[in-house]
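Presented sequentially are two complexes of chain A, the first with chain B as partner and the second with chain C.
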Partner chain A sequence: MLTRRHFLSGTGAGLFLSGYPVHGFTKNAIEGRIVVVLLEGGMDGLLAVPPIGDDNLFKQRRALVASNPLKLNPLFGVHPNFEKFSSMLLNDEASIIHATSFPYVGRSHFEGQNVLQGGMLEPFSIKTGWLGRAMDIANIAGKAMSLETPLIIRGANDFDNFYPARIKHSRLPSFETLRLIQSTHASKTAKVIEKLTKNSMKMGGVSQARDPLSLAAEAGRAMREKDGPRVAVIKIPQFDDHSEIGTDTGHHPELFTLVDRTFGKLKSELKEEWNNTIVLTMTEFGRTVKENGSAGTDHGYGSVGLLAGGLINRSSVVANWPGLSNKDLYEKRDLYATIDYRSICAACLEAAFGLDHDLISDRVFLDKSIPRTYGHIFG
Partner chain B sequence: MFGNKHKWARKIGFGFGPNELPPTDVESWNNSQLTSNFKSVGVAKRSLDVGVWPEEYNFSFEDRLRRAGEYDQGKKEIEKSKKLTSVEKKKRVRTLRDQTDVALFDVYKFWNSAIYGDDMVKQRLAHFWTNHFTIGGGGRRNYVIGDFIYRVIYGNLNSSFEQLLYKVTTHVGMLDYLDNADSVGERSESAKWARRNGKMQGLNDNLARELLELHSVSPDRMYTEDDIRNSAKILAGWGANTDSVIRKFYREQRRDNPAIGSLEKFIYEPYFKDRAEPGRKIVLDKKFHSGKKSLRQLTTMLANDDFTARHLSKKLAIHFIGESVSESEVDFIYNVWKDSKGNLDEVHKEVLNVTARSKERKFLWPSTWMFQAIRFSGSSFLPGFKGGNASFAKAVPSKLNYEPKKILEELGNSFWESRQPDGYSEKKDDWVSTEHFDRRIKVASRIYSFQPDRQGEEIATLLDFSDNTKMAIDKTSSMRDKFIVALCSPDFMEV
Partner chain C sequence: MAKFINIILIVFINTFSFASSLNADTNILCLQKFLKKTVFEPGSLDGVWGDKTESSINSLLDQAGMLKPNQKISELDSQAVCNLLHSSKSHKLLESGKFKVFRIEID
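So, the complex of A and B:
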């Protein structure tokens, strides 16, 4: 556990003691995998990972603290619905980043989603995503488990999506016809159709279910293949509830269970590849610290990131805890984000793709000042 | 100016089917498309004699609430029954759902009017505005989405943006979807009562934020959090969840309550004074007094803001012309918007004029593409009604037909789906992926199974396809596959 003070002192010490590879070193031997789980709508980080050691939590949101969180350390607990994730924490294969966010304070879903997927400070300022750019640099293939191609993965040369169609009495025509359709399109679209043709050749045994869990299973299966994709993006929507979001039970807690099972499913399907994998959640913003008038919370700033996978060696809660008293809040309402989540994404890219941190900072996030947090998560 | 008439009708409508004669005077056709009162949406199977959509399936707002109430009440009674087994209960609930359903009829009408209707341009505009003011389905909201599309959006296409914005903002579907129904002024009577009783009530600024960000001025206006907060205060008191509106309406109706007049007010203008925030509010430097009328003043101010004119002129241009629309093309629409104070007839007319002059190509939404494919080819994929008096159950044998709703969902382009309030994307990139193409190709094949009159080669000729695409169609062996290649070529997907 790292409180504000520990975090600050730990930064230098950690770097020194663990003898991290110097910049420029790439761990080419590891064929790491990244799964990004997009929690759409703004997850309430204080409900998911309540700072039960902070007395102000109970003052600010009495009704929105789970009655029996699993205590991780004197400051933090985790909502009991994160059952599998908790055992991963105990197993030293999961970590939590708290009071974190992309540096975006506008509280708009669209801008927020755009910032967290695009990876730029200014919303709508780029047409590719940070993961896509990293994949492009590292020449890595990926898969989006959704009908649309999310911004986060755009920019990659080699990506595909998976979300089985359900059109009755209809199937794809011959490869010859698919090739002729392809011939009518310009290069970019033509490439997509070429990919479709390839996919249709190996269909057969693929599951047609498409709930987040089945998609996680399919992602895991595809990623454990020898030449399978090394990146997957899974969406879990509907975090955008503002009223009666639930405490022990209810809508937000049900979604926690879903996220938890998604972690579990990825682990069981990735099999031995789990050891080379990092799964990270992302959400566009946290929620207001106080509950609103309808037993819910509104769009805020700081939230929590959940990380799991065999690339982690030692579980920890990484936080530079800003506090929850009124004067500690951002604009007197939101949890401050004291850790730039871009730095966490950068560390995951470094761990899984073996890219140099400075390169990631410069060419993926187009910002040379992103701090290196690798040691706190993968050290 | 309008070039190939078939292409033009696809650019702004759904194209002319094999039984439709393109107009000789396109300009007057355009005008009548924008301003005529169309009595019906056509619903006949491959016949020149287009029937009238059955009046019994044009649900009024009251009909919708009544049917939803009947479903809720009936379901409760079935589930209470001690005689029925759980399997029988399920079956009865399902039958009851089909008997009281509204959304499937709305979707069916949505398809039918696109494929057979004589008001294609108005419909395309209705699709645009329905997307601009996104409300998503789910639960009881499914009962009111059709009302939103047909009564509020379509019904106000010939008015002003000011009127449209107010009507949309005060519709139960919007107040519910963007959580305003849960927003209570912190100094309101209701909140004071709640505090005395140990409960919490307060503002929810979701709708206020989208009203400024998406629906009107856009972030370019550089408003502040205070502007949003104060807009939320003006909005506080407006709205009730669809569920509670249904419950109250159903209860009062059954009682044959003489106060039905106030009930009407309750469903059309759901405003509750005890939840409203008292006192003055300032939004974008303008003062608003307390009371119900301040919302109209707010939407009027926003509707007439210069940034709204700019934001929406650009959005309309992108929708009909294409992503790379030029600033000068947007300026034409913007100028008309400003001069006419957002008169939608004038604005829409200018959109058509600018579209006609532009060389840009627009990648169509999957739903627009599909309706055009069915209509232009003359496929009877959706059979429609024979004549005007056939019942829905006859048109779709045995039970209600879920396929039209499902296919829109499969294409990722249904107005009945729950989705982000910024609506469906206008960008081609967002619609090009293996899964999207998989669906397009499969839907094209399905459309072919219903005997289109126009085959792939004829479609290519009528729409001046490129030589490259014509060659690909030529090389394709079967008639079905030629049709699929034609429909899934850029020449048909873009217009």
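So, the complex of A and C:
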């Protein structure tokens, strides 16, 4: 039986590239790119972006507030480890969504990841992902660089997989060998093998490292190419800090640095294409407001979403702040999520793919009631 | 004695409510009802111009980009704003009012 612990320990960093453009398709002439950074395990949004203007923050979790957050405005600050992200905030190329979540309150990693990737209200209720469905509507062919295809991009009408794995002491098959294999197949299959062969040869110089930073660099390099992928998904695991979460230093702050450097790496590698890109983080849930008995926090509800990219025109923190007094908390323990993160994903799709909001609401999230937040983020 | 105090209190509260309803302004009530649909909380729907109504309507219009620099809406503008809330711009205002936007203020 797959336990939660096995699930979490087995999921490493990963990169999925998809969304190769199909020539001839244009919608409002937008050629934007989307990078989704999946923060697996549940990021503590109050530690990442502390609401320093809310007095209850210090009453509820004094030990879990960084000693020197960068003050963004009277209400919000940001953890000092988000160094590059803070520069992006200053340059009007990043924004923060606070007190937000996908509409899921079950506190299960399995279900939460399924809801945020599937984009539905109920876990395990659909076999495709919201990003894949959007790619399908936008008629963008896809390519996944992964052993398995993550749920979030399933549903794209045309994609294949490539996983940059190399077995120790083995040799890559020669071009001639692959041609020989191709010649033994019927035309349709032969074409697929030819395509894969070309891609494999192109990928010869690809870094074999699978840590998030190397994968972000790989994603950035691929996505800046004229016919490169327009969608990438990067996984950063191990946010599930039930003990010793850290405040100024420690495990969560180290992960903040990793997320921060991932943003920086994407920007530096995307080069000019950064201007047409939106990067968004997603996590399955936030963490409890109060510290537990092991200097950590447990599974919660509301968290924070970090957005960066040249498609943003003006930096801001978007929130409908619910407060942190005991009466303001969800089930007397969690930050309330007052913004449905599906509405943020919808805005990103609108900005990058040029899809109409009502179409996204109706056919991507299968829910006509999703608010349009485009103006708050990209206006 | 307790019963007598209760009666006095009820009479007092009802008289106060009646007096308040006489002061209710339909234009201010129109603003407050609209604000109730947004995250800019106007307080009670009493048709009376108070601090909450004033700050909320100014915040909403500011977020929607409908205020000129240094412009501030006062009670005297309530009819004009109520007309605005019933115009073709009401949808945009409602969309703008679903969340608050906190600008980055560091240099």
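In this text, the second predicted complex is superposed on the first by the 310 of 379 C-alpha atoms of A that agree within 3 Å, B and C clash if a C-alpha of one lies under 4 Å from a C-alpha of the other, contacts with A are read in each partner's own complex, and residues count from 1 in each chain.
As a working rule, a contact is a pair of C-beta atoms (placed from the backbone, for glycine too) under 8 Å apart; a residue touches a chain by one contact, two chains touch by 3 or more.
Fair warning: this is a prediction, and the values are worked out from it, not measured in the lab.
Colleague: A:K327 contacts which: chain B (first), chain C (second), both, neither?
Modeller: Once the two structures are laid over each other on A, A:K327 reaches no partner at all.
Colleague: Answer with first, second, both or neither: which of chain B and chain C does A:K368 touch in the superposed model?
Modeller: Neither chain B nor chain C is touched by A:K368.
Colleague: Would you sort A:I193 into first (chain B), second (chain C), both or neither based on which partner it touches?
Modeller: first
Colleague: Applying the document's definition of touch, where does A:F110 land relative to chain B and chain C: first, second, both, or neither?
Modeller: first
Colleague: When the two structures are overlaid on chain A, which partner does A:S183 contact: first (chain B), second (chain C), both, or neither?
Modeller: Only chain B; A:S183 stays clear of chain C.
Colleague: Is A:K226 touching anything from chain B or chain C once the two structures are fitted on A? First, second, both or neither.
Modeller: The answer is neither, since A:K226 touches no partner chain.
Colleague: Please work out whether A:K127 is in contact with chain B alone, chain C alone, both, or neither, and reply first, second, both or neither.
Modeller: After superposition on chain A, A:K127 lies in contact with chain B alone.
Colleague: Which parts of chain A are touched by chain B and by chain C alike?
Modeller: In the superposed arrangement, which is not itself an observed complex, chain A uses no residue for both chain B and chain C.
Colleague: Which of the residues in chain B end up touching chain A in this complex?
Modeller: For this pair, the touching residues of chain B are 179, 182-184, 186, 191, 194, 200-206, 209, 213-214, 219, 225, 403, 406-407, 410, 412, 418, 420-422, 425, 429-439, 441-443, 445-446, 449, 466, 468-469, 472-473, 475-477, 480-481, 484-485, 488-491.
Colleague: Can you list the chain A residues touching chain B in their complex?
Modeller: Residues in contact with chain B: 63, 106-111, 113, 127, 144, 147-149, 154, 160-163, 165-174, 176-178, 180-181, 183-186, 188-189, 192-193, 195-196, 199-200, 238, 242-243, 291-296, 298-299, 331.
Colleague: Report the residues of chain A in contact with chain C in the complex, numbered from low to high.
Modeller: Per the stated touch rule, the residues are 70-76, 89-90, 314-321, 338-339, 371-373, 375-376.
Colleague: Spell out the part of chain C that touches chain A in their complex, as residue ranges.
Modeller: Contacts found on chain C: 39, 95-96, 98-106.
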